[in-house]
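Across the two complexes that follow, subunit A remains constant while its partner is subunit B and subsequently subunit C.
Let's turn to the complex of A and B:
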């Protein structure tokens, strides 16, 4: 059923790409704005050979993982603190929610001034954008642990620390993992976006380079590659989350 | 084994509060199966929490094996009304939980856990996750987990309340078998008269709010009992006698609720 649905989705996307190809051939879409899909596909090997797309991907991936790891460590700790101290939660949870909805990437000039035109700026912006979902999901995960599970822990004489380790954390893990999945997705989007804006580093900078050279098939191929990376990220994380939820 | 002495529990302030349990006293002898029965809102679950050490009494004392209960007590094992398996652990890891806490090695605790899984009739399900089991099976996992902690007193708060009647009767059989096999001292909180009669040596009837001790009824049906016992005239007579006590209390509860 799932495989069938995925196949149907792929066929529809392939059909739309075919439609664009036909529309360009028939002159409905200007081919100087959108190159033919076949030309874009043909540009991919060139990206690998001449534009070192693999090493660019590694830069973006490393920046994303750095931001994601930071957001995981800081976000779960902050989430646990907000859960533990209700006053803190009432004071700061709304701010975390506001931050989650804010287009932080627009504040990139501020980060440029603070951290210079370097990978640090890219990682910090991605980290700040990835942080709110981890905090919010961690708080929500801890808060929705069924009270009876805590009562079981207490009935076996668990203290505060062992209760956290044996009951609270494993019970909240699926929700925390949803936060991590969102964090990595937000992180990737912001890494590519900031790389593009400051023209530095991985795949975002590659898109910027190619577009400034008016290499439209190359630009679209690079965008396609980024989409492919996002889809791969999503599939991997979604699989991980599904596995965790089955266990939870 | 267990001595409940003048236990009372009051919620709220002195002027504007509710007395949930009022001066309840009783004893349980080793190996005995006692049920506490009463209408909804009579403070049964509050009494359960106090005996389990999960809640402090306003006055009175609970004594287990000569020691006053001041918090969760290693001698008391609890099975809760709500199904409480850890969903992230397999059946065997759920049952082995108390053994893991005691620092026992994995191979040994799994071996011991298997014994209790057998006891509740779940052999073959050791590697399953709770989400793959029915409600009745999950509750049996919880019972096995509590038994694995080798409590001297097994305390159960309406453990079959969420299950259908057939499953309740069959699980009642299972609990009886286990109790006979282990000579496990057991206190069951229930609102089911059939369940109380099927399982108990004595039934303690509580009044509707505030929960007071009304009567202690000995159940003199021959053992071993099974679910088949429910069809006997003696069983019917015991149920009728308890119902006479409970009817008055349940009616008061309904009037209170505006029914």
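Let's turn to the complex of A and C:
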């Protein structure tokens, strides 16, 4: 039934696209608002040829990985520190939670002033937005280590350092990977978003460019391409995390 | 604060015992002091990192300015409509996916995949569809909160105790009665949590859309402050937005726990 249902879902989505194509042809939908799906598909090769999609993709990917790696390293370290010192945790974890729920990306004009209109700004905003969730995830990961493992460690007479190295870190590794996945996800969303907003750099700026040129099929094709890229990225991250959890 | 309400848990349900208010306050003082020291040190431009008294002045100027409240009303109305449209649509789709295993197998993966994609890139299309005015901002916010609302509703509906559903069937409840008498009361807590997630994303969607293209709203006010290089004003606006987001989050978090407590009490 699952395969049949998945096929049904695919058919319905494809059917909707076909319906839009027909509705535009019949004049029910204004073709100057929504281009025909076939036109959008035809615009894709043009984007690759004329709009440097490949190099724009690499710019966005590099910014995403820079922000994600930075947020993972700093966030995991901060999270481990908050777990290690309970007073620190009681003091700062609530503020991390406030920041995690705050629309930090709205501060992008502030970061423009601080770092100029450059890739650095894009990376810093993505890093700042990804940091609080990674910190919270790391703390809760370390806290959910089973007490019996810690008791075993203590019965072997492990010191603080070797307890961390041999018990806490291996046990919390899966949630550290969850933190990495979160960092890369938040990284990608914010990188594309800020590129679009300040019209600089990679794929986000491409969408902005095309829409300002009123190149409708191109805009829709670029949006479709970015959605495809991010969906592929998330599916790979999900699969990677599951694979690591099974091995660990 | 959580200790004062007697709940003894922090707002996000994170582990923290009673007596966290002191350390929390100390942390705030420490951060504030660090900021002030850095601002006064002259290592950074004071325009960019103003000392606290300048920030307080900026905050006061924003709050006392009538224009701010007009902008806040615009953004508030857009946000409310976005949550209403995106939330109701999301809850309806989520209910469908939750009750039907077939529909879930057919469509839920699409929602899960599209959920975390950056939504702001749809803004040019939404402008064409809904106009340059508040309509496109409402659409932006609605699209943003639709996805978390679908997923949390579907999960909540699947978590409903099957015994309750059998009771409804034995009372010959119709579909509407089952939704109103069984699904709605037993999913209040997870639904509120979905609204909390959706609220954060809708707020970001509406505000970012306003910074990109608008002539009113808080996002527009932030861009104006940026264009005039009025940093105290920009900080004031950002502090107010973050404070508003935190306050709504705390309220919805309390509501979620309250509803969960009521549900647990009823089951006992």
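Following the convention adopted for this analysis, the second predicted complex is superposed on the first by the 232 of 248 C-alpha atoms of A that agree within 3 Å, B and C clash if a C-alpha of one lies under 4 Å from a C-alpha of the other, contacts with A are read in each partner's own complex, and residues count from 1 in each chain.
The rule is short, and it goes like this: contacts are C-beta pairs under 8 Å (C-beta built on N, C-alpha and C of every residue); 3 or more make two chains touch, one makes a residue touch a chain.
Note that the structure is a prediction, hence the values are computed from the model and not measured.
Of the two partners subunit B and subunit C, more residues of subunit A are touched by C. Touch criterion met: A:193 reaches subunit C, while subunit B stays clear of it.
Of the two partner chains placed around the shared chain by superposition, subunit B is the only one that A:156 touches, whereas subunit C remains out of contact. Applying the stated contact rule after C-alpha superposition, one finds that A:74 touches neither subunit B nor subunit C. In the superposition on chain A, A:227 makes contact with subunit C only, while subunit B stays out of contact range.
Taken in their complex, subunit B has these residues touching subunit A: 52-54, 71-72, 74, 76-78, 80, 82-84, 86-89, 97-98, 101, 129, 131, 149.
Against subunit B, in their complex, subunit A makes its touches with residues 146, 148-149, 151-152, 154-158, 162, 166-167, 170-171, 173, 246-248.
Residues 1-2, 5-6, 8-9, 12-13, 33-34, 87, 89-95, 97-99, 101-110, 112-114, 136, 139-140, 143, 185, 188-190, 192-193, 196-197, 204, 207-208, 211, 216, 219-220, 223, 226-227, 230-231, 234-235 of subunit A are the ones touching subunit C in the complex. Contact residues of subunit C toward subunit A in the complex are 10-12, 14-17, 19-20, 23-24, 26-28, 30-31, 48, 101-107, 109-110, 113-114, 116-118, 120-125, 128-129, 200, 203-204, 207-208, 211-212, 219, 222-223, 225-226, 229, 231, 234-235, 238, 241-242, 245-246, 249.
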